[in-house]
């Protein structure tokens, strides 16, 4: 691993960006954007996380195998979320049926 | 069966056990319990997984005896349910998952890549202690009220309705998970950073590739089951409702999270066994393995694609039809790399110089049983068929063919193959061959009838069954008694050989791997001089150090085709 | 078909022959590969057996064409299996328009079934032949699975979810019903029978019994409440009378120290002359029902008591209805 | 295996040792991603099922405290990064100082968390038999602002109209709130313990520009814990602030 020393100026710069982004996410939460609120919140969080990983955690200056580990972790998390949700979002819910069987269970 | 093909008898007498090796470098119970030597830790694991294998085996024996009559005459329904649950938990989490990785992997990975130890020896010891603590929790659960949820812990049965000791059991499995994770972490780092000079990625033994693939599953799958079972424990302790429909939770979500790990966990069990077979076959066929890169690649492919198929356990839970189609499709994809391995093993035998030594018999048995186990997986992945055979004895037979027929045959084959390296001595060959054959026959007698039972509709986890199923159940029980004998035999003669076995010498077979370039048993630091690898894997042709005269009448080595 | 040693369960639904054919298809392919590979391995073992201690094999490192072939060919066959299986499954999951709807509720450890006209059955389902039937399922507690091998169908019964399944019985007869998803202590006795009848017989059966009274279990359950048995014989054993759960066939310790096995006669006697045999630990409080019940009612009541499950229901607070079913 | 100075016996060179440590830590963090991932999955599905209850639950959290904690934690990441820098250029005193600052900030974070947990406990918002989403409006404390209580009551009434089972579903939200923040806090506590050890080692002068691996490794862990919070903050505190 080639030793790369990041200067404190970069750290402070990253810190300030993180502060700005934190403020941005709070402000954005007070505006009603419908389904986009969650999208914006997660997008900002991901930008912040990326900054931390790249600079605070030196991933930018790390060997390729470190990048592979990071990508694998994110990818596997995505598999879990995406494939599980693929079941739930494509289910058909027969609401009339629900009411009838609920009545039966109540009886 | 007794063919005088072994080279050992001629050379065995000239060898001596080295003066100092890892077993006698220090003495006393402390030198074992505080050891950081990967070889000693492997032996600690060997004892503990064997213990759990017998715990699980006793449960299995009672289950099979109980099922001899339709009403079941031995135990009450409560006890029966506890027996099959505890059998599953002991066997899966405390025997099969750690067996090959933690015993053979621990012993061999550093030796095979020419390292002095794993990258983190203390963490390696820590994993064993974590395993023990997890094991104690589970044994505590077994002995105080038992466990009756099925090893699958489906909610809300496990989280609300079961009156057995679920909480200590899930905590035990949670804790044990970290043992797997740390073992996997150690292997990955070791393979990346500790390889000897000249040991490039494509010179790695296929066993190491398999361990690497397994470690991927350990690292990225195990944490999910850990957190999921922790949530079940919390539900029970604090009346939470993550998976409890009465409180708004979703029991199907539990199944998703559970199988996200537990399906790949099947590959944790079978991949290392495939790795063992990939070592045994070229050694006893005395030729390079056919399609090295395809076998190595298929291990990684199985580990990765294995994570995309889990919901095929859930086709009949009311899963979305679209998701079911996707998961069935992906499940068929994961069958391909397994098929590739089998074809390559078979081709390796072609024009080989095949000996019938015990490890090779296990390899032969493995191929046969894994074929049946793997091919019946195609039945279960088939959506239309799964409607009928899901949750029947067909499934029971299928996964026993994979886990017992595949993983345990691979494990025992590996133990026999590397026993001379581990102990420095040879086991009695003819007795070992008999045991391998007894195991193979007993296994098939036990589990093949269960395929038919399953297709006839006998559901799994039944403590009593309709009388028309009795004949097949009795056959299965009869087979199990033969199988039990097959497991006891190696136990006896392996222990016997520790003292009375012939001295093996560094490379009795001979085999090409780096682990055979050092003494048997190896010294604590593995290699007195760091080895340098200059040869391709499984190459017998250009290895004068193996002391094989390769110009033999009728078998002139042909020019190798393909390139290295 | 049903010889001494059958390999297939009876084919009693429209789906059954389809599933069996699919099975045959996959068995054929798998058998071909299993036999071919095993034969090759055994042949190589004998043919290339080591002749000389120092002999080595011919080094062959691989062959790209072969590798491609044994990736592509199994892939094609696997896709064929997938496609055929998918067609069968999609058909199974989408019920046709005009179905006879039957409601099934699973609970530890019995099946409660309701026919379209409101008639209730326990661990038994009567069905007309050659009619598309849809089962609408729900669970009161844990996950169960409604499985009928003769129809080649099963579906999980999940609390909080309402799963449906459909099939078309094609053959009159009695078929076993199983709970196929492990559901606790008496999972193995959560079984029952499907009775497939001629359509006319089914209609007659449905109307002939005119509601619930004809089913002794249902009638018995009603009587058990009407005659106030339920107020003392609480299922959790906390009532003034002993719990009757799982009574039938069990050993009973009496106040005078005798033990006996609870059979039909004992249950009948205890209804008519309750003080003849008092269970240890209980007071002789129960009034006699002599002359207050018809013979038929006694039979119904006995049948109901016999059907009571072995274990008490789960402790309160555990919740017994699916979430969205709560008010 | 014998240890020669800073080099453990299984390694050939310090370089190899450092590479192994770094890879090991990253692999461990990838495990952690999936470990928290199980909780995130449970969160996602339940939020998808019960948006109203999750909104109500989220709005009972104190955004000021949550925001304060976010700032504290990111600041602690900065000081941690600075200590890695200081150790790699051989400034021993500064290394110790930055590590101490990190520890203090971490402790402050946990302190704020305790205040928040106490509030939830007082308002019967801890999952269990006593959980009651409208406890606070039913039993207002004398110092509570009546207007605020009135507004909250109105919100709850509306929510109950939309989701009659609000209590159970809000309890799910709080189960996840405590599960996720609790697991996060546990990681903070472990991190704080490691910092204490690190500070001691640093004071003893163990770290040099050629050997500062422990500072770097624990730094990686600390930043990871920070990242988890970066996601937890919007997911738990900011679900439904825009009403």
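All chains are identified by letter, namely A, B, C and D, in their written order; residue positions are counted from 1 within each chain.
Everything below uses one rule, namely that a residue touches a chain if its C-beta (ideal position, glycine included) is under 8 Å from a C-beta of that chain, and two chains touch if they have at least 3 such contacts.
In this text the structure is predicted, and so the values were computed from the model without any measurement.
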item: Contact-richer chain pair [A-B vs B-C]; value: B-C
item: Furthest chain, CA centroid comparison against subunit D; value: C
item: Inter-centroid spacing, subunit C versus subunit B (mean Cα positions, whole Å); value: 34
item: Centre-to-centre distance between subunit C and subunit A (centres being mean Cα positions), rounded to whole Å; value: 44
item: Geometric centre distance via CA averages, subunit D-subunit A, whole Å; value: 15
item: Touching two or more other chains - residues of subunit B; value: 192, 220, 224, 239, 247-250, 252-253, 256-257, 318, 321
item: Multi-chain contact sites of subunit A, meaning residues that touch two or more partners; value: 65, 72-73, 76, 80, 84, 88
item: Overlap residues in subunit D, where contacts from two or more other chains coincide; value: 19, 23, 27, 30, 34, 37-38, 41, 45, 129, 165, 168
item: Subunit A - residues contacting subunit B, complex; value: 65, 72-73, 76, 79-80, 83-84, 86-92
item: Complex interface listing, subunit B residues touching subunit C; value: 3, 5-7, 10, 77-78, 81, 148, 150, 152, 154, 156-157, 160-162, 239, 244-252, 285-288, 290-294, 315-318, 321, 324-325, 328-329, 332-333, 335-336, 339-340, 342-344, 346-347, 349-356, 364, 367-368, 371-372, 375-376, 378-379, 381-388, 390-392, 452, 455-457, 459-466, 468, 471, 539-541, 548-550, 552-555, 557-558, 560-564
item: Contacting residues of subunit D [partner subunit B, same complex]; value: 1, 8-12, 16, 19-20, 23-24, 27-28, 30-32, 34-39, 41-42, 45-46, 49-50, 127-129, 165, 168-169, 171-172, 175-176, 179
item: Sites on subunit C touched by subunit B in the complex; value: 5-9, 15, 18-19, 22-23, 26, 30, 33-34, 37-38, 40-41, 44-45, 48-64, 66-67, 70-71, 74-75, 78-79, 81-82, 84-90, 92-94, 108, 141-143, 145, 147, 149-150, 152-156, 158-163, 176, 178-189, 314, 317-323, 326
item: Residues of subunit D touching subunit A in the complex; value: 15, 18-19, 22-23, 26-27, 29-30, 33-34, 37-38, 40-41, 44-45, 48, 63, 67, 70-71, 74-75, 77-78, 80-82, 85, 88-89, 216, 219-220, 223-224, 226-227, 230-231, 233-235, 238, 241-243
